[in-house]
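This is the structure, below, for whatever I ask next.
In order of appearance the chains are A, B, C and D, and numbering begins at 1 in each one.
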Amino acid sequence: MVSVAIVGGSGYTGGELIRLLSSHPEVEIVDITSRQYDGTPVHKLHPHIRGTDLVFKNKKPSELDADVIFAATPHGASMKIVPELLETGAKVIDLSGDYRFNDIDVYEKWYGIKHTSDIKGVFGLPELHREEIKKATLIANPGCFVTGAILSGIPLSKAKIAERMIFDSKTGVSGAGVNPTTSTHYPNIGDNVNPYKPTSHRHMPEIQQELGAFSDVKISFTPHLVPVIRGILTTNHCFLIDGKEDITSEEILDLYKKQYEGEPFIQILEDGEIPRLSSVRGSNYAQIGCFEIDETGRLVVISAIDNLVKGASGQAIHNMNIMCGFDEKAGLDFFGMHP
Amino acid sequence: MVSVAIVGGSGYTGGELIRLLSSHPEVEIVDITSRQYDGTPVHKLHPHIRGTDLVFKNKKPSELDADVIFAATPHGASMKIVPELLETGAKVIDLSGDYRFNDIDVYEKWYGIKHTSDIKGVFGLPELHREEIKKATLIANPGCFVTGAILSGIPLSKAKIAERMIFDSKTGVSGAGVNPTTSTHYPNIGDNVNPYKPTSHRHMPEIQQELGAFSDVKISFTPHLVPVIRGILTTNHCFLIDGKEDITSEEILDLYKKQYEGEPFIQILEDGEIPRLSSVRGSNYAQIGCFEIDETGRLVVISAIDNLVKGASGQAIHNMNIMCGFDEKAGLDFFGMHP
Amino acid sequence: MVSVAIVGGSGYTGGELIRLLSSHPEVEIVDITSRQYDGTPVHKLHPHIRGTDLVFKNKKPSELDADVIFAATPHGASMKIVPELLETGAKVIDLSGDYRFNDIDVYEKWYGIKHTSDIKGVFGLPELHREEIKKATLIANPGCFVTGAILSGIPLSKAKIAERMIFDSKTGVSGAGVNPTTSTHYPNIGDNVNPYKPTSHRHMPEIQQELGAFSDVKISFTPHLVPVIRGILTTNHCFLIDGKEDITSEEILDLYKKQYEGEPFIQILEDGEIPRLSSVRGSNYAQIGCFEIDETGRLVVISAIDNLVKGASGQAIHNMNIMCGFDEKAGLDFFGMHP
Amino acid sequence: MVSVAIVGGSGYTGGELIRLLSSHPEVEIVDITSRQYDGTPVHKLHPHIRGTDLVFKNKKPSELDADVIFAATPHGASMKIVPELLETGAKVIDLSGDYRFNDIDVYEKWYGIKHTSDIKGVFGLPELHREEIKKATLIANPGCFVTGAILSGIPLSKAKIAERMIFDSKTGVSGAGVNPTTSTHYPNIGDNVNPYKPTSHRHMPEIQQELGAFSDVKISFTPHLVPVIRGILTTNHCFLIDGKEDITSEEILDLYKKQYEGEPFIQILEDGEIPRLSSVRGSNYAQIGCFEIDETGRLVVISAIDNLVKGASGQAIHNMNIMCGFDEKAGLDFFGMHP
């Protein structure tokens, strides 16, 4: 058993951490912090989590005493809190964008704020960085779009056969967080499709960093809000480099099967099956499929994840499991919810 | 460990049984039958359930060898299969309406078919019939609307203070089953509300039977399809008998707390909280709340359940747990999914 | 041609007025005011209304010069603006609750603010008050829930056969207005049902006032937010007074047909048809149907309207048509949008 | 006034034709045919269209006597009916795919059936073929995806600056028609995203034909079903030919403004506005916007249409207006419906 604290537990990723950790066999939640909701029982903000004695507390980072701390705080805030959390001796998993970038300049350009810490996190995508995660004290948990996108592209970039990938993502609204805004107002989302930041979303450079580590594939990314609560479906329109046009769907599928062999949360679809959100809803699984090539040489790979689980809190727990030497599926060993 | 078979595993309640039983610590699924899909791997019909070696098989009831058998077959079909299933020596939990009625005439009137079996099932609502369930060999698992409705009314009927209850229910579309029809066609459901069988739904007499066992309360019921996948929210508009008009909200709340004290899956809300579907989505919990009385003497009690879990497969597993002497929460000990 | 001004044009009822009046053959929009958006072209807030030269202007009531003025302002604000608007000599149609109540005490009790004007408006439900509307200078346009509820109850109250009516309403989220809040946040509404103010919604006394004018029927009202953009479906659970239990569905239907004969926007359904939102979506029609009586003597009548049209801006235009002597269907003569 | 007949009026495009033509100032509907629903009043299938005396009749093509006939029949059926309709002397507008292809081989390859007629239709996209439409007797009304896609690409193909376009489309479910199937079953669509035929949808060659007429741009197309009733949002990821990389967003915008100047139903968005479905819902407008270029040289253009109006029945009426010399906006001169 390890003791766990959650910093910033009132939002959706905080709620998912509590939901999932409550059923984790190796974990005890000892603290959930919130400045705004000090003293409030958890079920007042997360009405599905009842019958616990969990209460939000306004504790400083230095007051926490836990083996593992999840920082479910916004970017900017995490930057300041994480060093203090590390000083407590805990292993820290940060769900913000603050520690994801190898190059601080990229962070500062896309996030528009100064980076004030020189601590380095390990980019917490287990399928890419498992060995570093095992030894890490700070995990920078990947962005939700980033997770869906790079899982759909890793085998191609590693094989050095992709010239460019265009990620066209369709996301549920929970990715925008718990605070209501005009762009999450039901009448603006229901029965609608809303593209946003079509060429300038800050998850693009993060995708570029991870996929660009293997080859110099060009990355384009456009997200769309669809009338869905959870989930990101990413359509990766990929073009192959000159000289690789003869590759077949079967060979592509093979690359994916080899890359992800043994991965506990990756499901490679074949036989005409296509990923869709309901197959992974509420679970930590990612589904990857399609692998078709059209007459113009475009390869299509499609991935589906739950943005709050594999795209955030579930992946964070997966990282914890690896860091702590638990069974990787501990607390995450259940299927998605269809319908 | 008990061995479990599921008869008719291709529909939604079958899928939920597989989803939930796959994580049940005391259970091994040994057979899932389907006449239509003999030889088909389970994930072809339930795309969220992957990485198992489960395959549908076209087996006769007499060919099954399991400690517990769930019949997820339609009414009419269950009537014939259940006796054969019982002959195998298994404990049987039937999810259809066939064995729910004490009075066969009521069944024949509302279902419009002849009842051909004289076997009696125990009505499988643990909150009402736990002791009988413990000793039962055949459970008639309650209807989904019925579960939400009677949970909201039991304390009032037991206290003999209710003259009539009008159950106005709003249900998700998964309650209509896996087969597409005009009334489940997305363009007919999206952004719409569809009342149906406003005074003649066959779940009414089942509510009447269970609540009428304690007092002669009059029961009215009207269901509405809303653009929701899972869940039933029931608004119980209740009128009290003469002489009971002075009862207070607090006293009503007290009746509910006492009735459901210790119940593992009932959550009584207070302090202004109102049940809603997302609080129980995907879980076996029922939430009950409101307990307000308006100026005309109408008492409002509201319940929320997931129709496929507490309203069907989760409750069936709860019944199995009781029949087998397991921890009642085994395999069902997780929270709903909000958002 | 009459000239029209809209005060407070940035919200949903303002947008609907512009949308509908733009196609009205007898109307020219001369002013749309907004304090916040002075100088902003209309399409910046109402992205569907393009290619006009309409611009929001921050004008005072006294600066308006129009034959008809619609006040699409919140309650409290309307109270103060309406007298000034009337002083310009315009006919005024107020969409707020401020001038709907015959008894100021009722208003003050339910709205929690002091009423500071002694001007009286005509309650703008044409089906009840057409003759007064013809001569009125101030129309108090009815509340959206109120419209759906009383249309379903008028014939019963007029016939003095109803003892009580319980209005269980399911409403789209646009009724909550254009400003985002926690209760309109997509993740809280999608795939969910949210009851609210189950016994204390301020539309109840307005229903009481209008239906209570004909008999002393008791009124109960509970609204529910469903994942719908537009529309209110109201299920009127009605109980008849002693001695009227023998009335038949056919006789009830007859009452409705007679009451609404010749009404341009009322559609009485028969032959097993049931009102649903999509049949009236975007239109000024109200559908009323069901008229079934169950075994306990409960009569069910169901109405469906578009809350922004028949429940607000369309009804306001209907009132204008009557006040100005236009064809009552002018600008409103189109069908709903199904699917 | 022209007389109009609709062949195959029971589906969604038939319903839209009736809805829209009912308000058309120059049209009288004289016949609506249906083999299956002979004698049924229109409102029984289209519950929003009431108060007319329109009735489906099982008439043969040769029995029709109308100035204009709309064939809202499936492909394959239209192929056989259209010649007979033309023989009546009517102008014919066919909404199926049967007469859209210049090259019969392409049709036969993608539709998998033999083409048995040598009559040629005019491809009914007014923005491309207005002059031919004026003189046509047979219009082949474009596919819904096709309309959204090519409107977003015409100026680029005409300017001969596009090397390839990848159309990633998100469509509402009404595009699948009125008949329920597994892929339109609410529980499969709600809260979900379903890609389908990612590299093999039969609308691709139609896009290719029209855009390829101006330059040899390569076309890729992938459609996705989203939980929306109406509308198609198409994200056109476009790559420019070598030597054109220096073109700016402003110059691209200019191309679009010039191309569509004076077009009654095209709205070019600028100033950071992005097309979305609600802006055109229920209307014949197409919105086109974005025109941003990312760091990799990808140009993004986004279009939004209502698939049943601009993508089908509204465009058909626009074609009729042109053929008959009416005002092009007759019967279509109203805004979309937001929210």
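Definition applied: a residue touches a chain if its C-beta (ideal position, glycine included) is under 8 Å from a C-beta of that chain, and two chains touch if they have at least 3 such contacts.
Note that the structure is predicted; figures quoted are calculated from it, not measured.
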From subunit D, the most remote chain by mean C-alpha position: B
More contacts between chains, A-D or A-C: A-D
Centre-to-centre distance between subunit D and subunit C (centres being mean Cα positions), rounded to whole Å: 35
Mean-CA-position distance for subunit D and subunit A (Å): 38
CA centroid of subunit A to CA centroid of subunit C, Å: 45
Contacts with two or more other chains, residues of subunit B listed in rising order: 12, 172, 174, 187, 190-191, 227-230, 276, 278, 281, 339
Touching residues (chain side subunit D, partner subunit A) in the complex: 164, 166, 168, 170, 172, 187-188, 190-196, 198-200, 218-220, 222, 224, 226-231, 233, 235, 237, 274-278, 281, 290, 292-294, 296, 298, 300, 302, 304, 339
Residues of subunit D that touch subunit C when the two form their complex: 12, 15, 19, 22-23, 46-51, 174, 190-191, 229-230, 267, 273, 276, 278-283, 285, 308, 333-339
Subunit D partner contacts - residues on subunit B that touch it in the complex: 12, 172-174, 178-182, 184-187, 189-191, 227-229
